[in-house]
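Going by the order they are written in, the chains are A, B and C; count residues from 1 in each one.
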């Protein structure tokens, strides 16, 4: 029995490690400035964890193999432990874990403990069951005031207050369009329940909480079209609360955002661009 | 407290009437078994739901005629709807976490074994003990009611009468939609927020509130019993590690459940009394403004829930850890490695557990600075867990292992706990949680630690103490088969979840076909489903073994495992007052195995001083050294 | 009787279990592994009541801590916070419960001093004051309701009703305990153990009652004098 168990443990260990090492199921390619740093931090962590996991499993397997009961055998060794060992492995794991913990804060700090750069392009995101709305400032680069009372799902999903001059040239679209290599600041809010902004390639996730306006920023650095999903349970159609994030070259982006919105030119152009760029191949 | 006067100085006879003996019994042993049976029923519901979930995920849109007839609205034409799936997820999680893993390990085995292991004749407050079970049972019934209130049109109609928004039922789902975490405001708005937001949620909250009260009564009892009713010679450091685990668990429950109760009350008031604790102003839900609610804070709910939620997960696993330590040492025929370190680790885990709840909220919009603090504390909590793991392996080192079924599950526990715990170190890092939060990577993590490790602890405990409880051994052959299939099965189910997580697959999705980036997951999803069906099926063998052995199993001696602790010194099954009126006296630590020179390879705690032992005292870190050193 | 009492005290001192013979595997926290019990009477130790009540208090504290932190968070996040005017009758109820705490202490002392009549008398007074407190609280609710201030009127009123109700329920529990003690005074307890139980129960009830008093003062201050 001991031998079989040992073999089973080792087999499971190998299979589990293979699943990660084979890279058959891996992150989609990163398209943000901080993305690669997330990936490398993960690489380090999974390495440490992998070693620990393997060590623990193999050790466990070894003991059950070696110390299985057998008639000829004497009694088990009578020991209540070893303080020196306890101290050693406590310190080792403490060091390993804490250093992982500290390293694990760097990307977070760079995104969340610093305000958005001055040149960041600001977009307001308003989530709702089960749809995404993006509110663009228009030419004046100023976001118009919004009011819940003004909301009309068909014509004015974010509830723009027409009375506000800044709102005049603002656009409301269902797709997130951002410039490449330029910081973007999102102001995240929700009309109804909690949702979560999730673009795997971006290595970025943030809940949108009703009653809050959460400011986040990132820089996308690869042109293309990416799927945007909702990652917080928000009701029955949570699974298809989908949109796209379109990362455009500087010129195309500027040309788009310069378009007036009164006759919907902005929207038509946006749709053209959306069609122009394919999804990455998975 | 009238009931406390129930325990008297001299041995007392068991009650005669069936009701007082088996239903409203004050005997901790009967109550313990009641808890275990409750868990065994709840887990069936949970498992069936999990299989339905898997079926829907891997074969979306398939017609299952039975489903169609059972849930005409939830699964029209036998095709499970999105909301139906989500209600399955919610109820699956709730059943498993609350009614399986907070009942069996503590209320079940703790209740039965702890008083005997410390040489008491019953719990400190038998009446409270009985209450705690029956209150919990009512909570269970209310949760089942939630299933029918939403799932069955007629039952739903009764509840709708109570108030169309908060109580509306019959939406065809099998309960609330909101996950076991029931985030506000989705859970606070009522019917307007969509199907499964009416009676399902209200009853869910009530059920959990009731459950909190039951658990609190239990915790109160455990703590008092352990502090107060240890028998002669049973000093704290002579207690089996199981008792330490149950004690710490009780402390966790005592301090965390009141917080969930508070949250539940507030949430309920938001739903039925029109208050706004969690509902902010200017809510615009399904095409209309929500009037007369303002100023509430959705994050407040998350804080209250997770302040409870994280300790809860340790409530779920600590008893499993205790049982594992106990069983490993017994069948390794070797004293536990580093008893003192184990005690310290249990406590460290318990206490640290109160300061890491924020790791569930990194992406919630709470202060990013506090996230950093929570993150570092979270990884620190890995240290005591690591200590335990090392000590378990140390216990097996140089052992003389007897591979009984309980031993197999105990070893399985260690393996699976490492596998699941280790990914906690990934999730615990804010920077990595950007990607993994609310993906299947999390699902993988917590199933391995909770859905498997804790459960393995319970399996080990069941096979180990069954003889003491029912006077008969469970069938070893069936047990071993059950172990092997389950052990391989659960790894096959939950390891691939990591891969799905790597692809970025979000949790609580009823269907993955909407997204291109998930299209490579089909193979995985299908593989998992098959593994799940096999694993769940083999549990039938466990149930058969359990009830078959109760009547047909081979008779068990008083100490079939040649173990050392007090429960094995008394009759099998133990008499009504556990020690037939005598007061056991304890002379030894709990794990005196293979003592050199001793006649047998184990020394019962009650055996008077025999040979004096000098071996290994020098390097002792545990209960080996005799007390004078301290 | 006096003999019983000394006996009582000894057993109470020796309350925490797990004393006695030592040998391999000891390592108790306490020097000699805790109190030593003789004969059978260690089976019952009234300390379980006191331990029990402290444990219960710990969890009740957590409940109200959670609610209070909710109160603090909510009052900070709120733009709709309109404080209530303190209903005068709350001064009365507060006075009731403070005094009741004193009378409770007196009754407990009388029991210790073997003065059964005093015990019963002061217990009754405490009970009356307790009931008075609840009545006063209910009256406060009536007053507010008449002014049209209800649970859902605004966050502060929500919390007011919530706190008073939650605390009130615990007071009712206390009242039940007191009633039980009063009934017990009728029954004659001759056994050592019966006497122990009486003392233990009385002690526990007193601790709990003092706690309810303190708790109310905290809530009162939080609700009407915080920031």
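One rule holds in what follows: a residue touches a chain if its C-beta (ideal position, glycine included) is under 8 Å from a C-beta of that chain, and two chains touch if they have at least 3 such contacts.
Remember, it's a predicted structure, so these values are computed and weren't measured experimentally.
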item: Arrangement of touching chains [line / ring / star / complete / other]; value: line
item: By count of C-beta pairs in contact, the leading pair of chains; value: A-B
item: Innermost chain, taking as reference the mean of every protein Cα atom displayed; value: B
item: Rounded Å distance, chain A centre to chain B centre (Cα mean); value: 30
item: Separation of mean Cα positions, chain C and chain A [Å, integer]; value: 50
item: Chain B: positions in contact with at least two other chains; value: 281, 296-297, 340, 613, 623-625
item: Sites on chain B touched by chain C in the complex; value: 1-2, 4-5, 7-10, 118, 121, 124-125, 216, 219-220, 223-224, 227-238, 254-259, 261-263, 265-266, 269, 273-277, 281, 292, 294-297, 300, 303-304, 307, 340, 583, 585-590, 592, 605, 609, 612-613, 623-630
item: Residues of chain A defined as touching chain B within the complex; value: 1-2, 5, 8-9, 12, 15-16, 19-20, 24-28, 37-38, 41-42, 45-46, 48-49, 52-53, 56-57, 59-60, 63-64, 67-69, 73-86, 89-90, 93-94, 97-98, 100-109, 112-113, 128-129, 147-149, 151, 153, 159, 188, 191-194, 196, 198, 200, 203-207, 209-212, 214, 227, 229-240, 242, 279, 282
item: Contacting residues of chain C [partner chain B, same complex]; value: 15-30, 33-34, 37, 40-45, 47-49, 51-52, 55-56, 58-60, 62-63, 65-67, 70, 73-74, 77-81, 151-152, 155, 158, 162, 166, 177, 180, 193-194, 197, 201, 204
